[in-house]
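Take a look at this one; I'll ask things after.
Chain IDs A, B, C and D follow the sequence of writing; residue 1 opens each chain.
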Amino acid sequence: MSDVMEHYQDDGLHEECGVFGMYDFDGHDVARTIYYGLFALQHRGQESCGIAVSDTEGPKGKVLSSKGMGLVNEVFTQEDLDKLKGNIGVGHVRYSTAGASTRENAQPLVLNYIKGTLALAHNGNLVNAPELRRELAHDGAIFQTTIDSEVIAYHIARERVKTSSAEEAVQNAMKKLVGSYSLIVMSPRKLIGARDPFGFRPLCIGKRDNAYVLASESCALDTIGAEFVRDVEPGEMVVISPEKGIESHRELCQKEHGRCVFEYIYFARPDSVIDGMSVYQSRIIAGRCLAKDSPVDADLVVGVPESGNAAALGYSLESGIPYGTAFVKNGYVGRTFIKPKQSQRESSVRVKLNVLKDAVAGKRVIMIDDSIVRGTTSDRIVSMLKEAGAKEVHVRISSPPFLYPCYFGTDVPDSDQLIAYNRTIEEIRQIIGADSLGYLKLERLPELTGGRQFCQGCFTGKWPIDPPKEDIRGEYDA
Amino acid sequence: MSDVMEHYQDDGLHEECGVFGMYDFDGHDVARTIYYGLFALQHRGQESCGIAVSDTEGPKGKVLSSKGMGLVNEVFTQEDLDKLKGNIGVGHVRYSTAGASTRENAQPLVLNYIKGTLALAHNGNLVNAPELRRELAHDGAIFQTTIDSEVIAYHIARERVKTSSAEEAVQNAMKKLVGSYSLIVMSPRKLIGARDPFGFRPLCIGKRDNAYVLASESCALDTIGAEFVRDVEPGEMVVISPEKGIESHRELCQKEHGRCVFEYIYFARPDSVIDGMSVYQSRIIAGRCLAKDSPVDADLVVGVPESGNAAALGYSLESGIPYGTAFVKNGYVGRTFIKPKQSQRESSVRVKLNVLKDAVAGKRVIMIDDSIVRGTTSDRIVSMLKEAGAKEVHVRISSPPFLYPCYFGTDVPDSDQLIAYNRTIEEIRQIIGADSLGYLKLERLPELTGGRQFCQGCFTGKWPIDPPKEDIRGEYDA
Amino acid sequence: MSDVMEHYQDDGLHEECGVFGMYDFDGHDVARTIYYGLFALQHRGQESCGIAVSDTEGPKGKVLSSKGMGLVNEVFTQEDLDKLKGNIGVGHVRYSTAGASTRENAQPLVLNYIKGTLALAHNGNLVNAPELRRELAHDGAIFQTTIDSEVIAYHIARERVKTSSAEEAVQNAMKKLVGSYSLIVMSPRKLIGARDPFGFRPLCIGKRDNAYVLASESCALDTIGAEFVRDVEPGEMVVISPEKGIESHRELCQKEHGRCVFEYIYFARPDSVIDGMSVYQSRIIAGRCLAKDSPVDADLVVGVPESGNAAALGYSLESGIPYGTAFVKNGYVGRTFIKPKQSQRESSVRVKLNVLKDAVAGKRVIMIDDSIVRGTTSDRIVSMLKEAGAKEVHVRISSPPFLYPCYFGTDVPDSDQLIAYNRTIEEIRQIIGADSLGYLKLERLPELTGGRQFCQGCFTGKWPIDPPKEDIRGEYDA
Amino acid sequence: MSDVMEHYQDDGLHEECGVFGMYDFDGHDVARTIYYGLFALQHRGQESCGIAVSDTEGPKGKVLSSKGMGLVNEVFTQEDLDKLKGNIGVGHVRYSTAGASTRENAQPLVLNYIKGTLALAHNGNLVNAPELRRELAHDGAIFQTTIDSEVIAYHIARERVKTSSAEEAVQNAMKKLVGSYSLIVMSPRKLIGARDPFGFRPLCIGKRDNAYVLASESCALDTIGAEFVRDVEPGEMVVISPEKGIESHRELCQKEHGRCVFEYIYFARPDSVIDGMSVYQSRIIAGRCLAKDSPVDADLVVGVPESGNAAALGYSLESGIPYGTAFVKNGYVGRTFIKPKQSQRESSVRVKLNVLKDAVAGKRVIMIDDSIVRGTTSDRIVSMLKEAGAKEVHVRISSPPFLYPCYFGTDVPDSDQLIAYNRTIEEIRQIIGADSLGYLKLERLPELTGGRQFCQGCFTGKWPIDPPKEDIRGEYDA
């Protein structure tokens, strides 16, 4: 089978990537553990995945890798994992926000450069990728993928010529990168983790026996039975080696941060703890805030699964209105699922989501969702509740309205595609057919992040870094 | 690729099958709608699936079919569905309780017999299959599968020789079948649905435009946008044809029924309504009963996903103790998922389920599960809650203890493998490490089924039909 | 992936099947050797293949099998072969002459019957299959495939009820089968080979160390390093068991035979020896006869590959006209090859066959082919030679003209599709554009078979057995 | 499925690549024609293949590509070809001589660079690739493959910065490349073909209607029904564009050439004409020369298929000894074929090749082969002939003895692995067990190439270009 790939898309928001790295100082193979680590991060990207490993005891720079389109459980066979021999490795799951959805763009990127071999896994989006690409191209660089990671790799390679160690090269390269990146780099004898100075995307450190682990989210540590050590700080680079264990470089650390609040609201798994704040708690708080700020008399609070559930619970706890379940979600949708055509009687929403009529019939329902992007799905879900007999449907959104696009690693689209842009809340309410509508207040966001600084660009149009002059999303798609 | 298949197994309980049939009198193709219908029934069987269709306007008896190992979304391609032209069809999803897990055993069974072609989809287990098989074999029958459906097909074929219509043959065959069966038979011009006299397994009728639908559960009707007409009654046979619409045959209907209460407790999707009782309501009631009968002072009620959630909600509603979420389930496990080995640090339970530490730490937790089979999983889950900081873990089971095996279409194993057999509740509590343990009282079961008669064999050892003299489960596995 | 199969067809003649069985008395696994045996017989069928094995030391009747659509090298993986543990086994390669090309029809057929398990591989076509099928159907039999082998299996099963051994049952069943069959039956402890009384299809016996082998052609014995023991005689049944080695049953042997002369002319591999006559020699003789009976003055004799080459050599040896090569055949066409559409500039013939211009330009060429069926391919090949600069093209056919269909295991079509039916040789010559045309004389055929009796039905319309009253080819296709 | 690839290897010689490009000025899609073109070149590489196309009327630089491991007929589906919309394209088949056999190394290479997108297909080996790679690496280049084509692409990209057109960049890049290359470059609006100054590898131009074609061999032109225009000359670059048709650049053309004589003796298809010399004629001449220089009294001349056949015919024509066929080759070996293990009774040679006993028994046989590399296969084949009853086996080789490795695009190994190195012909004869042995005389080679200059490095150790200082074969394998 060949690889002319088709894009699989739906209406929701998408995170672009999850990264996972491991270095076993005792020499045990890591591929299989990386497999389970990626499996735990599968929610961060379902289009492609890959694992690259190296044996620090073997011939220097010998890297084995395996990548493919699809879910972790579809791409890797037992035989693949058996072949991936090595005690240092890096893995990646991908959903494409920039760069086409093709096998060429699957990560980790494995490459030969001046000092041997390098494997790279990246979560984020560079704002200055086009400039950097153009600059490199003017020097005669060639690009075989459309992903930012290739730009990063180039900079590391160029710096490596002038520096005496891989970590120095990574550190120097970081100085040129503008945007969001949580990065794992595997050099022949070191595993390096780095997070952009604003800390847009998460990255944490774990430990299991005599092995260190880097992962996008702490849930991946739980899955493999590793203990959580700490988060990589915004701007920090950590270098893992048997000689020095974990070494920290904080040259780029700064006071101003820009964590993505949507990691808490939607992207991350609720059982993850990011930068000291539990994602689950964050959602409970969002629900409580909504109950305080947008109260309504009703019989039942329900969440749109999965991310709306915790917020719904928070709303229920605060308001005293009973929590319930209104939806059954069909989780068997895979990459090859054949979607209903517009012309058919079946609809995409109904195939994936069904209403529990007995739970909602005759009731005034408060429905909590994490966000409204274009509004098309909300419209349908409200209708389904009403068809199922709900007397009233009050929609509460556990985030402020989206007004601006995101350039830092999510696929929040341009303003003209956002239902909330240039519309009043009343207008949106009418479009989606709800009896009332309430959003989380912008000033509540600090409560969700435990007071940590965050990016609010998609709500305010003011990002911690200037947005790119040109559209970086999809430009190089081939 | 060839088909030497391996068995994929886990610890839980399994339903064996889901069936779906459709007859479009207007002549529209039905394969794609059957695809979505099977998708809605995927929870009833994930090992193999298949669709067979026929064109009632085309050459008589021309049946096209497509089957394979795996999930609905893995087995069928767009191209497959495009080729399955026909306005009458039947589909099946399978988990094997009897018969090996091989492609040969995938359904629907398509066969040529005296009167042309027949396709058959079956959910259930015949108690007298070995005798029937032996009897047929003595007459020189050959068996190419190890599934009961082949025995049923033989009987229909033999009866058809002596009768004047397919429905008469099916009706006569039913008289010889002892056990559980919900059956859909597609003859060249008719779609026939039948349910055993005790009604062990569900089967219902739906309608969409000028098409009739038969399905294991009503959730499949919702998914395709069909309206629910009614359940097929225990012992009833319905014949769908353009001439007469739906025709009912009730010769085998009887007063005594034996519905499987576990359809309500565990197997069915909560959004289904079976024999007039909502599965969701049934679970809520189970939770309420537990709260009444096994009260305990605690801070939080949680369900083991997915089936424990509704019962937990019921417990919360009745007791006033707040409902919460304690677990995150990783739903990306597919047929090809590589399971952790015993020797590895990763464990099967932890890879699929993680605890929300922030939700349970320092709390007294009531954990609701639908059942305990061997007890190995419960043991691990209780430990995980405690490791996550739960002060107390009180386990409540929304069904009575399993003491006896099931011979009617589920894989409840023999007594010696059941933790509750020959053990007191206190002994079980100690084994699973809970602070207290309570089961649903047997006398509460009628409340769960809306007062309808049901089978309680796995709790009492008294089944509506005598169990088979020999073990029917797996005997013919090749 | 599912199995809605498409028929892959071309213009030539096709053999329907090859069979291979092995019994290792020392207990070694046979699957891998069967794999190479089938590989040697691949020319006899490229649509599907399968292997079934049993362990005579293991639990009685435990049969493992693996089948699939495609070539031997595509269907079986190393993992498949590793799983097929057993010291007795049977394999099959198939091209469909009767029965649709679907996975359901792939052989060996594995079935449970009164006395346990049976695996069956069959090459041939029963003339009375429809009657037998109807008869069985009237007794309530069901058919899950459209292949004759299922009819044979039924008869064996029915006889087994009344007899004391598998071989007796096979022998009795053979008495009811009319038509062509070379059969290998694997019972739990015996391997049985049988050939119809006319010996239409070949079957031979080999030996390697302490193992016996049955194979359609002797080339398969060479491939696995086994020695040739002898042919199974027309009408003979041989029973292989550790107790008695090879036991022969000749009850059905008769004087009148009906070997297929096309095994020598076209189907079999030239390195096979069938019933004591070398296929290669047979073709050399055919060429010599053509040279004697249809001489022509020319510069070069060439064969249409592959089967025409040996006859061309014979023509050259007899006539003294130099032998040459005129064509290059592209052998990389597999089951999934995308054929040129009529509307495209590329043509099916040219994609597979190219002319060596330097070999033929300016020359008078004698082109030897094994047969002309519909004439469409011959037409193109003659044109290609002329376009390449051949001054004259004299076509010589190493068989008499096809005038009647074949009902005994090849796909020679009905008379109205045969170019030679109702046409003079001169008319055919004009259609194919040759400068002269000569066929092998009917009276020469005995020389090709070493004087053995053969079937000449496709030339004379007089078959050793009456043709079926109804068309048996494709009737049951589903 | 993922892509941890395994190397499939056998004993013979291998060509590394075939290239095919097409530009349809009328705007018709070319992917399907490229498919047939690659199919005709399949003998030049069976490990991987790929097609890249672009629509010159569409958005500039939008390239679609499809690649995979395996044969042309395995890699591309109908759906793939349908998606590859574009009227300009390039294709590639690959066998790896340098660079590992992984999907990453499959060609065409598609890349973005300073001026948009470029696709590149390359046949050959650069002698200075390591130096060029090192040089580029010192400037910070990164390499994602281990193939020379990436080095070429880099040079084109770097030149493009300084030049005003793609062809100028290609021309300048060529000046830095030392070694063998037949190259097809697709820029957004031009198709460029180039051949190294020595012309090691072939490349020719064809035309069909209003489309131009570039192909490794003329047989690919025949297959798609294009007419042969002319060969690209050694050192020439041709630029195909709708404005100027074919434009020639001969700046690098020189008098000294180094055609690979093994293209004639072994690699190319006999129906190809390379640089004005028919491959078929070349082999006939080789056979005639052998008959003149190494005569022997015998009964039969046979060729080792396929490449030995034409030489055997030449020997027969010259000597008057009858030509015959001694071997039957099994052509169904695909990429996934499971090879016999050393420990098994089956052998790799016998599985692929069988002797026609009747053709050779009792005869004195002259066996013509194209070359002897390590001698292991020759040894077996001679034995097989003797076992089949040949009285004498006289081996004649249609090339001089291999004494030195090849660095220019074939896999002739190092001297210490070559049987002829440091051995007399008599010693070799004894090793392979022949009754006599003769090689083609070195001074005969000009006759085979029609007097054209050629490389005789593998016979003399004197290559037209100095061999690389370091081993270029396999160095960068990852």
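Please note the rule applied: a residue touches a chain if its C-beta (ideal position, glycine included) is under 8 Å from a C-beta of that chain, and two chains touch if they have at least 3 such contacts.
Because the structure is predicted, anything quoted here is derived from the model rather than measured.
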item: Farthest chain relative to subunit B (centres taken as mean CA coordinates); value: D
item: Interchain centroid distance [CA atoms averaged], subunit A/subunit B, Å; value: 36
item: Distance between chain centroids, defined by C-alpha means - subunit A, subunit C (Å); value: 59
item: Intercentroid distance (Cα basis), subunit C paired with subunit B, Å; value: 47
item: Residues of subunit A engaged with two or more neighbouring chains; value: 76-77, 79
item: Contact pairs between chains, per stated definition; value: A-B, A-D, B-C, C-D
item: Contacting residues of subunit B [partner subunit C, same complex]; value: 1-4, 61-68, 75-77, 79-80, 83-84, 103-104, 109-114, 117-118, 137-146, 150, 153-154, 157-161, 476, 478
item: Sites on subunit B touched by subunit A in the complex; value: 32-33, 35-36, 39-40, 42-43, 46, 71-74, 76-78, 81, 208-209, 219, 222-225, 269-271, 273, 278, 280-281, 309-310, 313, 316-317, 322-325, 328, 330-334, 336-338, 340, 344-347, 350-351, 354-359
